[in-house]
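First the structure, which I've put down as structure tokens, then a few questions once you've had a look.
Chain nomenclature is as follows: A, B, C, D, E and F, assigned in order of appearance, with residue numbering initiated at 1 for each chain independently.
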Amino acid sequence: MMMKATGNISSTTPFLLPYTKTSDKMSIVSEFNDYRTKMNDKILGEDNKVLKRFFNLDTNAYKDGALDKKTKELLGLVASMVLRCDDCIRYHLGTCFELGVTKAEAYEVFAIANLVGGSICIPHTRRAVEYWEALEAE
Amino acid sequence: MMMKATGNISSTTPFLLPYTKTSDKMSIVSEFNDYRTKMNDKILGEDNKVLKRFFNLDTNAYKDGALDKKTKELLGLVASMVLRCDDCIRYHLGTCFELGVTKAEAYEVFAIANLVGGSICIPHTRRAVEYWEALEAE
Amino acid sequence: MMMKATGNISSTTPFLLPYTKTSDKMSIVSEFNDYRTKMNDKILGEDNKVLKRFFNLDTNAYKDGALDKKTKELLGLVASMVLRCDDCIRYHLGTCFELGVTKAEAYEVFAIANLVGGSICIPHTRRAVEYWEALEAE
Amino acid sequence: MMMKATGNISSTTPFLLPYTKTSDKMSIVSEFNDYRTKMNDKILGEDNKVLKRFFNLDTNAYKDGALDKKTKELLGLVASMVLRCDDCIRYHLGTCFELGVTKAEAYEVFAIANLVGGSICIPHTRRAVEYWEALEAE
Amino acid sequence: MMMKATGNISSTTPFLLPYTKTSDKMSIVSEFNDYRTKMNDKILGEDNKVLKRFFNLDTNAYKDGALDKKTKELLGLVASMVLRCDDCIRYHLGTCFELGVTKAEAYEVFAIANLVGGSICIPHTRRAVEYWEALEAE
Amino acid sequence: MMMKATGNISSTTPFLLPYTKTSDKMSIVSEFNDYRTKMNDKILGEDNKVLKRFFNLDTNAYKDGALDKKTKELLGLVASMVLRCDDCIRYHLGTCFELGVTKAEAYEVFAIANLVGGSICIPHTRRAVEYWEALEAE
């Protein structure tokens, strides 16, 4: 079944709220990762040294150092949440999950983010909770 | 017709611009409210006292006081718009609509938000106008 | 094939990440422009003089002056990216493309935006790159 | 007693926290207004039509309309506070005070701003409270 | 020597860049804390229940829980830095210092903040480094 | 005349609005540059590789490339203004001035910044204008 964006689907697509339905949650994680990898590859494939070095630096910043990796990922998560960047939240949630961060710990990060950043963080918290469930369901 | 996210749909979903098509507008409001309620219930279902109290406080802040409820909802709306939080805008538009705020009043809030917050508020104004029409169509 | 938002689609729509699949990219540009035009017309159709004048002023700001149009569009692009407004980025990418901005130039704007605005601009850069490809494919 | 910035004072000026000492509060209001007027005059004295029209539009947005002036100033105040612009807060506090907004009303605006914008609004609330006292003391 | 703000000083005050001179650094910490305490007392002295409960909640959020106090203060610090709130940074630096956070750890927080939030965080990093030195000098 | 921060001056310092008096303007530029250099040296003197590389990258991003240096500095300026970072604005104003940017060009950057970023950019525009005059007066 092939549908062009200008064809049937585009005239029937429901309101594109930035969340998914529960039944499809299992694929959220891989969809996010696939798109992220594909587009990052394109960006890094261009001859822009500043962007390449910036991406590289971004990866290095979260390695073990005076603070361990897990703490740094929690820092990345709270920073992403107060700056309200859903994709950044998803990325750090994924790494936190892999590093063994518990749900209770994640919720404490959400709580601090909401207090510091205000109720405008609530919609991002909703989507973060949904993504966390998807990570657990994988 | 059941489509898995990793199946047909995911390879044919059109560009997911954060807006809907006119024909489906009647459901924007309930879709937003349903998702909001479902996820808020999950968040409040967890044992995080800070988040619970924060959500509770958020509700109390908009009650009648020295300023009446309607004025407070207008304040919540303009704050949401300059901070560019679509879900927050939708929430306050819904409450404003219920409280009898007129279209002309809503537009004056949009105007102030655009002046204070700049042209980056325009895309949010477009989606706010669309949501307002959905509220009127219910 | 007609699907109501409250019907089948709404229960099967995959996670609505704010990006498209490669095969549908040709329509991103027109979809964005169509929605933008339609909603701007509605906004300008209302009797709110402040918003009308603000929209008008927004158009005038990018005309040739002490700085030429192309430089101004690059300014609009970098401002939109650090403020993380996808629709604003799309708009200025479209105008930049029409004015003959090259891919290498666009990437240098992305690089400055990422440095000034930080890694939270990366997801917007991904979507900007995708939109740029859609402009090239038109 | 004349002290040059590069002379004695500059080597002895204490930590310039963005607030005043209680004993000098009576002059906060006029100092702010004087600087604002002086610099606005310079900006408007230049031949930049976009800025001139923008400043003019900014003034018009707060006139009586579907919403009255007082409500609009409260909207300007809450927007300024969640966007954390001290000078904007001072300006709207001044106008609110002139329009008869009470302290209890101002505090309800602060409360909503803090909830929507988070604890990063607290330092701005402190300075707002100090400015309000200066307005009362005039 | 008493100087009124509207008198000599106000006509000779040097450019009030938001930083101090080295020789006065010992007092930065107490000046900040004194002002913070004084104004918080005023705010809490008013009869605004929402603000009171918000301030109280803000204190509770950083207590030991699933994450320990030190980690939470680091989260508060990075959130304050990406949101570019100097007073919030100062507050969390003070608490971090008391909890035994090392300089190397603080710098890793600064590094993540700069990467996530961009070069606009650099001026805040400068002032954070200056405040940290003042804490060490106490 | 030596005054300790905790001594006479601290009890007489006028309201520290973030701007200077006209008579002292000649020193704004050097004061800013001196503090910036001193603190950057401290930061780079620490053993934090991520921060060092980030600072280095920040310098490289504005070199001639597909876009020339002057255009890139204008991009840095507008990005700094919409993100409302006074120190970043000062830095880029300094470099723009050295590269021969005219006052009329600078004002067109200010105009775009105000439109995109809103009236919250006005106070930063005032201080930018003041700093520009200081650059001209050197």
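Everything below uses one rule, namely that a contact is a pair of C-beta atoms (placed from the backbone, for glycine too) under 8 Å apart; a residue touches a chain by one contact, two chains touch by 3 or more.
These numbers come from a predicted model, not from an experiment.
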item	value
C-alpha-based rotation, chain C on chain E, 0 to 180 degrees, nearest 5	180
Rounded Å distance, chain C centre to chain D centre (Cα mean)	33
Distance between the centres, which are taken as Cα means, of chain F and chain E, whole angstrom	21
Distance from chain F to chain C - Cα centre to Cα centre, in angstrom	29
Rounded Å distance, chain A centre to chain D centre (Cα mean)	37
Residue numbers of chain E (touch at least two other chains)	3-6, 10, 12-20, 24, 27-28, 31, 50, 54, 57-58, 61, 80, 82-83, 88, 104, 107-108, 111-112, 114-120
Graph class of chain-chain contacts, one of line, ring, star, complete, other	complete
Chain F residues touching chain B - in the complex, by the definition given at the top	82, 114-121
Contact footprint of chain A on chain C as seen in their complex	1-6, 9-20, 24, 26-28, 30-31, 84, 103-104, 107-108, 110-112, 114-115, 118-120, 122-123, 125-127, 129-130
Residue ranges of chain C in contact with chain F within the complex	57-58, 61-62, 65-67, 71-72, 74-76, 78-80, 82-83, 88, 102, 104-105, 107-109, 111-113, 115-117
Touch list for chain C against partner chain B, complex	3-6, 8, 10, 12-21, 23-25, 27-28, 31-32, 35-36, 39-40, 42-43, 46-48, 50-51, 54-55, 58, 80, 83, 85-88
Parts of chain E lying in touch with chain B, wherever the complex brings them together	49-50, 53-54, 57, 60-61
